[in-house]
Amino acid sequence: MAEVRRVGMLTGGGDAPGLNGVIRAVTVKCIEDYGYEVVGIKRGWKGLLAPEEDSVQKLTVDDVRYILDEGGTVLLSSRTNPYKKEGDAEKVVKNMQEFGIDALVAIGGDDTLGVASRLHKDFGVQIVGCPKTIDNDLSGTDTCFGYDTAVSIATEALDRIRTTARSHERILVVEIMGRHAGWITYGAGLAGAANVTLIPEVEPDLDAIADLFKKRAERGEKWGVVAVSEGVTIGEEYITQTAERDEFGHIRLGGIAETLAKELKERTGIDTRHVVLGHLQRGGTPTAYDRILSTRYGIRAAEAVKNGEWGKMVALRGSDIVTVSLEEATGETRTVPEDLYDVLKTFFG
Amino acid sequence: MAEVRRVGMLTGGGDAPGLNGVIRAVTVKCIEDYGYEVVGIKRGWKGLLAPEEDSVQKLTVDDVRYILDEGGTVLLSSRTNPYKKEGDAEKVVKNMQEFGIDALVAIGGDDTLGVASRLHKDFGVQIVGCPKTIDNDLSGTDTCFGYDTAVSIATEALDRIRTTARSHERILVVEIMGRHAGWITYGAGLAGAANVTLIPEVEPDLDAIADLFKKRAERGEKWGVVAVSEGVTIGEEYITQTAERDEFGHIRLGGIAETLAKELKERTGIDTRHVVLGHLQRGGTPTAYDRILSTRYGIRAAEAVKNGEWGKMVALRGSDIVTVSLEEATGETRTVPEDLYDVLKTFFG
Amino acid sequence: MAEVRRVGMLTGGGDAPGLNGVIRAVTVKCIEDYGYEVVGIKRGWKGLLAPEEDSVQKLTVDDVRYILDEGGTVLLSSRTNPYKKEGDAEKVVKNMQEFGIDALVAIGGDDTLGVASRLHKDFGVQIVGCPKTIDNDLSGTDTCFGYDTAVSIATEALDRIRTTARSHERILVVEIMGRHAGWITYGAGLAGAANVTLIPEVEPDLDAIADLFKKRAERGEKWGVVAVSEGVTIGEEYITQTAERDEFGHIRLGGIAETLAKELKERTGIDTRHVVLGHLQRGGTPTAYDRILSTRYGIRAAEAVKNGEWGKMVALRGSDIVTVSLEEATGETRTVPEDLYDVLKTFFG
Amino acid sequence: MAEVRRVGMLTGGGDAPGLNGVIRAVTVKCIEDYGYEVVGIKRGWKGLLAPEEDSVQKLTVDDVRYILDEGGTVLLSSRTNPYKKEGDAEKVVKNMQEFGIDALVAIGGDDTLGVASRLHKDFGVQIVGCPKTIDNDLSGTDTCFGYDTAVSIATEALDRIRTTARSHERILVVEIMGRHAGWITYGAGLAGAANVTLIPEVEPDLDAIADLFKKRAERGEKWGVVAVSEGVTIGEEYITQTAERDEFGHIRLGGIAETLAKELKERTGIDTRHVVLGHLQRGGTPTAYDRILSTRYGIRAAEAVKNGEWGKMVALRGSDIVTVSLEEATGETRTVPEDLYDVLKTFFG
């Protein structure tokens, strides 16, 4: 193992509140406790593959002291993957050497960490991973920073929307992040007391949902809130039958929330509307929970560098931060298990 | 003037945070200080035009004591207008008499208050109006409850979105309420430090906006946030040239934010996304400002009933709550004046 | 085991955001899935020891459907302990029988659950416990609802206070809950980026803290924020030497924050002030995290009733909700371990 | 009038959320629209009276673009008053000349603006004032930035505290800013639905307040929330009769909230507690309202510099930002008028 003097750090993939917490903790721990130099690499792997003038810059404790409550990532991000094109991985390794980077902390999701794992395996790069998934779907860790913030934002949205749904006697369908795993929708639907919550893991039964709202209407509650993951799909036959044409004669198609709203209106006769939370869920100051978790990740990642735990990734197991093999930790999507969804179904109605 | 013993109250049109503040204040003041009985009428004019079993119910101080921080309206709302069909206004007047309602407090926007004004004029109904416009576009009052809350929500959204736009080096276009008047977008764009803010009052110059973002990119800020009112329009030629076809071959058309995002991407080469805040802006607990304003409105409305100021509407003038003629106060849309928009333009860039 | 038809439920001790989440989940699950009747018992053990007219009341699904986002407890609370006076425990058991309560869900801290454990042991009462500790110091569970909310509130306070401390070049000392365990202060001090965080588990070194602030001042940062648990103690010699006399000649003594502020001022020459968060940390709407955890607790408690897991308590272990023996789970205070406090110390300065 | 090339700006007195909004607007407007140079003066008048190395620094648009949502003041503040010591005012004027500052924007309260007024009158300094009073008690303007934020924070505190007061059947007394004028307490007490609100303008009747809580208790509401300004005083006889002695035998005296809590407990028999919000009310991100108002103030102040409106202060009148004479605008405290307090009293109970 080569001695570590200069540690590089990068963030890749979609941003998640808490990234700056990791960056801050790695920087402070490496500098203050271990005497390393720390350099920030801009725009994920892109900053090492095709470095521009600002791509590699020294980070000081003063640079990061008060970034804990900032959303996004001060290192910027990209989706560049050096294993997509022959020869790119070699370039990354060569540039690391040219910048004198002895060890690398790579913060990102499955894609970013997959690259990290291969760089370690293929070239012996001294690398430590830190998981980042706002969707909470990485199999190698119990949970991840960003998730709690996203659930909080979506929950607050459901809280707000409930009052307007009730006042106007409408059904409001709220589209929440989650293409393959329904974790954010699950959390927000539970915490935000949605009347129905739909996740990609379970096929929705539109007739049953319509019945539920009809029953609510019968007992005087002619309104409701539906939380639905963006990744939920319903059969194509539903889509065409309610298509509307705009002023140019084109069929107007929307996402799942819009489609679902139309279907529920048709089946229940209750006025329905939809909202898509979208990018609102990504940005902004992290919750206290995410600040703490990201800080603990960062501290442990710095320790892993000190210990030479190359090819490992920090992870939460119960209440502990541990390290696990990057290779084993990535590649699988963790979905919402049936028993948790059952908890939610208790409150449908 | 007929003696007042029982006061009715209703809310009409779109809901706005603060409605419950008015309801609470009218109820408490009328009962505790004047000894009136107060009845709540459900679903706006609909509750008087076609009363159902639950349409007219007594309100007590205990019913309303702690509703000040609740969004929506405990009296529910509708867009029913008894002047749309011959004979309906008469039915409303007759039902008021049958329910023994001597005076009416009507809380709503231009439509609801227009009905109130005519009922007073045509039938001598003892009526007092309270303005409600989340859009801040009623000409009869300086501002109205609900507006501050809507601006606060949209501002927080812009705050959040800025960090993700910057981290991913994207332009994010945020669609904010306001079909005819740009007040909410104006307030949020200013408070949320949007790089560009577009309102219906001023035609947007897409080339100038694109230039602005190109200049930002040249100085290293390859990202930005645009706040745009839903009512902003751009020429049809823009729309067709960037149309995308979905998997069914249909042209996918969206609102102004989506269209604008595509146009800016084409003109700047910077990745762009959009978010539509929609119903998020309506619901939820009112800000302290809106709780205070709505309470002051409600107190003054009760005083107006006591004083027999029929055909009048409460209004804010400077720091004072006054009453103005319903007839004169309604019918005109107040838009964002040029000098205020100029303040905003100082910060474009 | 006696068949269960009517389930009683009570909350004891200090309130914690999330109590209503447990109440709601137990009620809905017991009624909808198991067909039990559920009765709420007011004011903890007091409601069974000395029942008043309103002490035992039926709970319906409609009663609890929308209480998830409300702070406090709809069942009210008290600190009554029927094991403090001879014969009281027997009265509780007798009253349970008179009210026809076959099984009891007791939600509370060490004191409440200790009673539950003994009632089960001494009289065979069919009882299930649910832990509640805003202080996060119950040894039987990984964490508890209320804690995340308290940390969030205190973190937001530290965020706010930082800007005013910096603008006025002051040290601000913030007193946070925690008499015996420093968990809330630990979490908030970490998430709120306090310059120093003090917890009851570790004796503070005032000279070292003063030195830290002097060093900050030397590099131009003549300000700072200290997070301190209410339970932190410093030697009496400190107290007297800085005592001030008020206009009546009495010595003015305060809590730890006030005392610490005076000491730091004397040692550093920097203007210092203090704030005591106090009851602010208890109330208000729970975070999404606490809503989810409390709901999962409630569901599992209802299942425990169904399963006849008497004398057990629900608990979080890793990501799972399990049941553990009430007897073993209570009686020990869980404090902040040294390695976690070390994470925090990395950021002192 | 000397031509303006370089504009200085300073902030004095207690900080108020929104100060950075003024600083940003003055800087951007002066540079972008008028081509002035802008320099920030650190620590109010102290920065001109006894300048240190960092006291006068150039401000660029980039320095201020994203400070709108930050609490505090990037220019720091002090309470230095150059009219307290002979010869100091002359030093300020001389230093202004040495720094080449042709015009000065002074942002502050009565004290800071009083100095500004005299410097203009005594030495012809080209000065424009901007009012800052979190207490809302400056007579020259309808309202001021910072006030809305302070009211919002205190309102949220009352919202939170209500749930814990109710759950524990306690009276909670909350001490809110306001030594001479009760504006913040007035706003928060109204918006936060306090059961009783006390302001310095009106002497409290403790027996009447106790009766109110006794009546509440009789109808089953054995709890309540009192909002009280720090400046409220009650007769000394109350204080001594409930004095408690600590473990050292010293009498323990607190502020008005603590004293009031003891008195109410003695008179009602209901458990009472108190909270002092203190510095919490000053810091943190400004509300959208305060961001907008402070921006409008800053723009108008820059215009006043351009127009040579020396010796004037920007002010809000109705919906308009105007300028008024500094001399006339300062020196008087604006208190809560009786009719506004009457609105509040309607809801006592």
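Going in written order, the chains are labelled A, B, C and D, and every chain counts its residues from 1.
Just so it is clear, a contact is a pair of C-beta atoms (placed from the backbone, for glycine too) under 8 Å apart; a residue touches a chain by one contact, two chains touch by 3 or more.
Only a predicted model underlies this, so the values are computations on that prediction, with no experimental measurement involved.
Steps from chain A to chain C, taking the shortest chain of touch contacts, total 1.
The distance from the centre of chain B to the centre of chain D, with each centre set as the mean of the Cα atoms, comes to 30 Å. Between chain B and chain C, the centres computed from C-alpha atoms are 40 Å apart. Residue numbers of chain A whose C-beta contacts span two or more other chains: 159, 162.
Pairwise, the chains that touch each other are A-B, A-C, B-D, C-D.
Those residues of chain C that touch chain A in the complex are listed here as 25, 28-29, 32-33, 61, 65-66, 68-69, 142-143, 148, 151-152, 155, 159, 162, 187-188, 190-193, 287-289, 291-292, 295-296, 299, 317-319, 343, 346-347, 349. The touching residues of chain D, counted against chain C in their complex, run 14-15, 19, 43, 54, 70-73, 76-77, 153, 156-157, 159-169, 172, 220, 246, 248, 250-253, 273-280, 282-284.
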